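I have a structure I would like to understand better, so I am pasting it below and will then ask my questions one at a time.
For clarity, chains are labelled A, B, C, D and E in written order, and residue numbers in each chain start from 1.
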Amino acid sequence: MSASLPYLSLILGVPALGALITMLLPREAKQAIRVLGTVVLAVPLVLVAAVWAGYDPTVPGPQFVERYDWIPSLGAQYFLGVDGISLALVALTALVAPLAAIASWNIEHRAKEYWVLLQFLVVGIFGVFLALDYLLFYVFFELSLIPMYFLIGIWGGPRRDYAAIKFFIYTLVGSIVLIVGILALYFLTGANSFDMIELAQRAPAAVPEALKVPLFFLLLAGFAIKTPMWPVHTWLPDAHVEAPTPISVILAAVLLKMGTYGMMRITWPTLPDVARELSGVLAAFGVIAIVYGAFTALGQRDFKRLVAYSSVSQMGFVVLALAAAAGAPSAGLEPAIAASAAQAASSAAVFMMVAHGLASALLFLLVGFWYDRTHTRDFDKLGGMFRTTPVGATFLGIAAFANLGLPGFSTFIGEFFSLMGTLPVFPVAVYCALVGLVGAAMYNLTMLQRVAMGRPRPEYEGLPDVTGRELVTFVPLVAGMLVLFWYPGVLMEILNAPVTQFVAKLGGM
Amino acid sequence: MESAWLIPVFPLMAFVLTVFFGRRLGERAGWIGVAGMLAATALAAAVFRDAVASPEGYASSFPWLQIGDFELRVGFRVDNLEAALLIMVSFVSLMVHVFSLGYMHGDARYNRYFALISLFTAAMLGLVISDNALFWLLWWEIMGACSYLLIGHWFEERENQAAAYKAFITTRIGDVLMMAGFWYMFKLTGSLRFEDWQAWVQHNAGAGMDFTRAMTVAALLIFGGAVGKSAQAPLHVWLPDAMAGPTPVSALIHAATMVAAGVFLIARTYFIFEQSTTALAVVAFLGAFTAFLAATIAVVQSDIKKVLAYSTVSQLGYMVMALGVGGYTAAMFHLWTHGFFKALLFLGSGAVIHAVHTQNMHEMGGLARKLKVTAATFAIGMLALSGIWPFSGFYSKDEILLAAYHSQYPALFWAGAVTAGLTAFYMTRALILTFFGRPRDPERYEHAHEGGPELTWPLILLAIPAFAAGFLAPTLFKAPVHEFITFGEHVGGHEPESLVVLVGTLFAVGGILAGIVVYGLGWISTRTLRAALEMPYYVLREKWFFDWAYERVVLGGSMLLARVVAGIDRLVVDGLVNGVARVVVWLGDVTRRWSTGLVHTYMLTLFAGVVALALLILQVTGGLR
Amino acid sequence: MGAGIPLSYYLVLGTLLFSIGLWGALTRTNAIRILMCIELMLNAVNLNLVALNRYLDPGSVQGQIFGLFIIAIAAAEAAVGIGIVLMVVRRRGEVDINKIRLMRG
Amino acid sequence: MSGAAIAFAILAGIVLLGAWRVVTSEQITHSALFLGLTFVGMAGLFVLLQAPTFALLHVLVYVGAVLTVVVFAIMLSDPEELRGPSPDRPLGERLRHRLLSPYYGWVPVVVAAALAVVVLLTLARAGLPAMPQGEPVADDLQAIGTEMFTRYSVPFEIASAALLAALIGAIGLTRRDAREAGARRPGARAADRERDRERQAQARVAAGEEVGR
Amino acid sequence: MPVLRADELVFILPEIILAATALLVLLADAFAGEERQPGERRDWIGYLAVAGIVAAMVAVRREPPEAGTILAGMVARDGFAAFFKAVFLIATALVALISIDYVARRRIAAGEYFCLLLLATTGALFMAGAASLLTFYVGLELLSLSSYALAGLMREDPRSQEASLKYFLNGALSSGILLFGISLLYGATGTFDLMELARRVQELAGAGTNAGPWPLLVLGAAFVIAGLGFKAGAVPFHLWLPDAYQGAPTPITAYLAVASEGAAFAAIVRVFFTAFEDAGAVWQTAFLLLAVLTMTVANVAALRQVDVKRLMAYSSIAHAGYILAAVGAGSDLSRPAVLYYVMAYVFMNIGAFAVITALQAQGEGEQLRDYAGLGRREPVLAALLVLFLVSLIGLPLTAGFMAKVMVFQALIADGNYWLPVVIALNSVVSVGYYYNLVRYMYVVPSEKEPVPDAPVQVPAPVWTVLAVCAFFTLALAFWPDVFLRWTSVSTLAMAGF
């Protein structure tokens, strides 16, 4: 189905244009810059809504395709398109970006540069989810890196210098290895093209057996670090703790998803049989991430660090589910069960990405909410917020229960179905993951109690409760979490076709 | 019955309204909840009537979620059992709501309280009628969350927080096992609907070892959920602590409804348990053990609510045991009656606490003269719990003992009987210490006075079913209980046995008499008793060391693990990363020192390089051979 | 004349000369002396070229011509080198290159 | 043993001795003279190789130009260097200095020797013909001249450009511009030195920090 | 008797123009007499030089009729030469532009400076177009001799002197080894002509490894590699380079990094892909090894540098390493990769140096910490520097990225998968020092370091350079196609192929 407007290019172009315009504005005109930035970042939401409306859920392949030659001599193209999987994440980005923008209004220090970088960052993220050409994908993948460095490095906390460069170098290690993998693929397939779909189709035949596993790791490393998979996760807590609130929000809600998205879009479909062979190992790493992340989170005394580690734990579910989807065909189940297990797992993986995006965004906003008021994230200094700021605390309660996988909120669907799909394939992994589920309850409730319960310290009596601007940022996320639980179909229906194709690629049916 | 799905909706609406308008309404907000419950109760009554009229139940569902070929239909089902439970739950909840109007008067978070109990009731009612695992889990967990928040209602106190945390985490341990059980059933059946499961199980019934083993695994995993929610050993530790919450909450959640959900879970998935004698045996013995254990602990409790809490644990164990020995009907029937009289007892204790502002029975005494209604109703509840004819408890307990008697484990029958005796004993003790004898705390005794109508009426109204539910049941059900509450073709009842009745009653009366002898007449002083039974007494005071274990293993263990892992993460995993960076920089310094600034170093290196290069190339090209 | 000597003699001589020059360049610290050693090395190269030219393609003179270019360039090199050395000497009165090490690391 | 052989032996001896002394003689002036000796010896060898023109040009440029420049440089560089260390330093000490110190002693020896060995081995295995493959060109002066200005005219031009560059470079580096020329009073050079010492001091500070960092 | 055809001179017209301009500059300067008062600036000399270079650029024949050798086989006439001539001329023009202000402020004698610059470039051009080892050697020396002098032109600055001296001594030695190698090659093949050489090599390679002069050939090749490796700054022949670069006048540092290294690579490609094409075994392994050594050592050693020029020196070594990797791949894609990389490197490196020069012209910006707060003080300048550094790291949407992709392609096409990974990790390490500049400009709070409020005076020519470099740094990434085609065409039309 073809669109009248180049929606996808617009989704990319509007923020980019906004950034350029912002550059031209005088640095004194902060208010104008803010308004412009917020509006510019809100526009994609409308565009995505249009795309969603025009999206045909029955078609598995990419839609709204735009492709033009970029580097003919290499066969690289400007090739955009969405299928259900990417559309889900694009929508998530489109939702989170304006919220982050609104949350950025209180940034006074070098506001102009901040907004320029923020808008470029968003462009990069959109690009990653929209690109269907390897080279283009890679360009955006890296493009999201540089603004992030500055956003953490300039507007970050006391140890921003360390955190920023750690984030930059650590993620660069992975992504720069990725390009080697991509080029290797490009040459081995011999198709003079960077077209993801085409290469994915040719790869299994074209790549010699000896190279498959190394190539798989080249294609995995970048995404594993971005996700972050255990044990390459340690950049995350530092980055989160130092980053300003809106950036933490984007980082947790969207940026991490680039990793798992990459696995789904590139790593798995390109080398399905390797994914199948290694699915056990991958599942192990996923489970370790779940349990390890949960208990590490429980061991933190810093509000933001705890939330950061919870991200590690939650993304573990996604990795586990993807591993299960890859391993299902060889698990010796009867085909019908294997297929629906794989489908459940991979749909749940995407669902989990979105759900975690909403929950973690809310959590980081709340961290910022109290940090702005009390200038501390130390549990020992917080407490009693149910009394001082009841509304905020209520949101924290919602976030905590949502995050621990309480039914009624989207995260539950993600966790439940990812594990449901995994159990037939990797039962042991699931039984281990149960420990992680209990751990999740432990750290989330600990967080809730340390922050919201108990007696507030005297100096925090009479803190201002949620302002209108903050409410505007909280409510959509809560709404999203509720909607996605009570009417999961809204997301599942667009996922079904592409996921079925994905599972088919993995030899699941 | 088609409108049964509306029953949970009323309290849900009450919840929503209270959340959004509660603050404006102030204490009037309580009435929203009451109104909601009135509507729910009325509807429940109507549904019950229909159910009685038409033996075959009603179910309806609609597609809710489609993942690939996997479709999940959700809906509700009403059958006799559900109908009975609906009416019980909504009635008790209504009573609790009313009671709370007075009990929570002037509380700082009055609205929050009412919102949560309304939400809780909605969840419980939803659970009763839900027809698939996923929504079962939904209501189940929402109940857990409400319970958590209500136990922590006065969260300023650390111990209340701790109690709430304990409650949620302990039950969560069971819940995740239950989830695993559900996923396991999905693995087997590819569905999440109870009826599909049942169909599949009955279709494959007796399909050999693998099938039985699978059933055992599934049953035990699911049983984990029941162990958590219904406070079976060893996960029972949370329930007594849960008394930290307001007493009406204890009455509703931790006596009548939520804790019963665990038992109900077993009933709901009974077709799985049936297939595995192993699972049934585990269930039966664990239940019996829990019943006995809790009863013994209850004997030495001095906090009136704790006594009731342990009695709850004990009674739940009773029901579980009943299920284990195939007494499906008995268990459900006891669940039903127990709901009434345990709620009554808790509300009674609430009234007492409201009057004297203490929970310690040793600071009470002689209150019968002041709190006549309370005392009378409490006595009814006590007799019902002790299983004295013709009180409701007698019938249900008798059914259970009967089932145990007919099972292949006679030991369970005697265990049940002994437990019955203990129950009678500690309830007598509680009654006497609270209401009779001379006041041990005159000053409190002076200020004690009966509460207002919103406190007394619920007691009276609950006293009626507590007394009559037993012998009225057949008339209500228009059928013998074991025909009304049935499980498939399998009829859950047996013909009454005079022996069983005799033994049961003997033990009960014996317990009561012992109680009177010790606490009423004081022929045997408690001091001498303690002296005589020093060791057992210590063990009981220490609650058989279960709490100690919980502190060490669950709390201590998890925190220790957390600290260790966090340390490892910082030092090892992250240390490795920074270590690599440091090594590289160190190499940098080394290589820097290479360029000494001396031309000679440079030229020397240059020519050493030349020679090396020459040799290398000669080697490569075979020039050296 | 000269035909009596095997080519290898010349080449060996050239190699030795080159190595001696190299050795000097590597051991002595006086810039001017290093310059001289470098000249020695260039001489060795010339010897090689001329000898090879004479023995291997006597018909042409390209070896010699290359040698002549080397001579010319060597002269130029010497000029620049001396210029640099003198500049340094003038500024710090120092030709010992070991004492000239502001920049390192 | 033919006369050629004898001649070669003598010339080779001269060349090697000269080279050796260039390196080893304590006084730089001596090395300069020995350099000249080597050049002459080389010229002889070229004659022996029937390349008289080449020999001629060689002597012309090297002895006439290079050597002179070198000697000039020695003169212009510092007198203490001219005097050099006292010649009566005991041989043993000199040897120790030559061989035992790693930096200016045995390591360079090893490197240079290794290079020589590698080359010699290769030559030995190269299997080059031992004897000339024919008669040399009759009139080498004519041949060289013609070639140089026909085929090799482009390189020739480049070489001249190189010479020009060298010239400019040498001048540019050594000439004193207006300010300095103005400052050519007695003792000015000392002042010069002072200024540079300061600069070096500053520079060293920077360098020091650099190493310290 | 080969005849020189005057009409062939048109193909070395650029060189001729350059040399002529050099003389013109020199004379003009001389006639202008000595600087009367110290304050006098002679910017016009610089512009004169630039004009000459532009003229030469115009004279470059981009579309040669057919590849071949001219002028009696001394000079090659092909697209390869044309490409490098164009690149070197652009580089020189840019350097000349950023020099003008610097020379004036640092009181460098403009006449000699620009004259030598032009002569050096002439040498580089001849190297690019050399068809005979002789031409190539003489051109190399022309370039080197001028460079030695240029490095020392800040006579007053002890560092400049030292740089010049060290550069000279090492350079002379290395040309010695180069010559020795050439003499051995002559011994093995009896020719200096590259085409002829190629023929002989083919025979020898065909004859097998123990055929007579083969070892001699190999040894000669090894020495030539060493000699050229020295110019390119390959480890272990690199130690002179940081000192020379640090001491030399800043624009000259830039010049050496791009033109001198570029010439070295032009020569390497020319010699080894023409003459030794059929003996790949002789040099590929060597170059791969050198590449790994070079990039690793350089990147690691640069991590803790605090002097900006020295840091950039190490960075240029690292980039030489990357290019060497492409050379070592020895695949059909190698030569385009080298060409593309050199071109990209010209723009990004000179761009970075333009900023550094602008700062150092007014005596600041030597040390890293001088850059603290530059992000606030000169946003545009800082942003541009970031752009160039990002390109040097090799992140997407910059020339550096495409250049690295080319190198990877060359290697992978050769079936070499480990070296790309090594390069990738190396460029990660390189972040460790490039980001130091960025860090000081933006992250390190300026209150820590006193920030001079005086705005950096950026003269028009430097702005021009910045604009050009920025444009191409982006253009080579956004529209690489035209450049890619140019590189491949240039290499296809290479004499001897």
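The working rule: a contact is a pair of C-beta atoms (placed from the backbone, for glycine too) under 8 Å apart; a residue touches a chain by one contact, two chains touch by 3 or more.
Because the structure is a prediction, the values reported are computed rather than measured.
For the remaining chains, with chain E not counted, a single touching-connected piece is obtained. By the document's definition of touch, common neighbours of chain B and chain E comprise A, C, D. Each step here moves to a touching chain, and the least such steps from chain A to chain D number 2. When chain centres are defined as mean Cα coordinates, B lies farthest from chain C. Remark: the per-chain Cα centre closest to the mean position of all protein Cα atoms belongs to A. Each of B-C and C-D has its own count of C-beta contacts, and the greater count is at C-D. Centroid distances built from C-alpha atoms place B farthest away from chain E. As a whole-number value, the distance joining the C-alpha centres of chain A and chain B reads 37 Å. Rounded to whole angstrom units, the spacing between the C-alpha centres of chain D and chain E is 29. With centres defined as mean CA coordinates, chain E is found 44 Å away from chain A. Between chain B and chain D the centroid-to-centroid distance comes to 98 Å (mean Cα coordinates, whole Å).
Residues of chain E in contact with at least two other chains: 134, 138, 141, 145, 148-149, 152, 155, 158-159, 164-166, 169, 173, 184, 187, 215, 218-219, 242-243, 304-305, 310, 432. The set of chain B residues that touch two or more partner chains comprises 581, 592, 595, 597, 599-600, 603-604, 607-608, 610, 614, 618, 623. The set of chain A residues that touch two or more partner chains comprises 169. Contact between chains, using the touch rule, shows up for A-B, A-E, B-C, B-D, B-E, C-D, C-E, D-E.
Taken together, the chain D residues at the contact with chain B in this complex read 103-104, 107-108, 111-112, 114-115, 118, 122, 125. Those residues of chain B that touch chain C in the complex are listed here as 592-593, 595-600, 603-604, 607.
Contact residues on chain B toward chain E in their complex (touch as defined above): 581, 584-585, 587-589, 591-592, 594-595, 597, 599, 601-603, 605-610, 612-614, 616-618, 620-623, 625. By the touch criterion stated above, chain C contacts chain E in their complex at residues 11, 14, 18, 21-22, 25, 31, 34-35, 38, 41-42, 44-45, 48-49, 52-53, 56-57, 62-63, 65-66, 69-70, 73, 76-77, 80-81, 83-85, 87-88, 91-92, 97, 100-105. Only residues 1-4, 12, 19, 22-23, 26, 34-36, 38, 71-75, 109, 112-113, 115-116, 119-120, 122-123, 126, 132, 134-135, 138-139, 141-142, 145-146, 148-150, 152-153, 155-159, 164, 184, 187-188, 212-213, 215-216, 218-219, 304-307, 310, 366-367 of chain E touch chain D when the two sit together in their complex.
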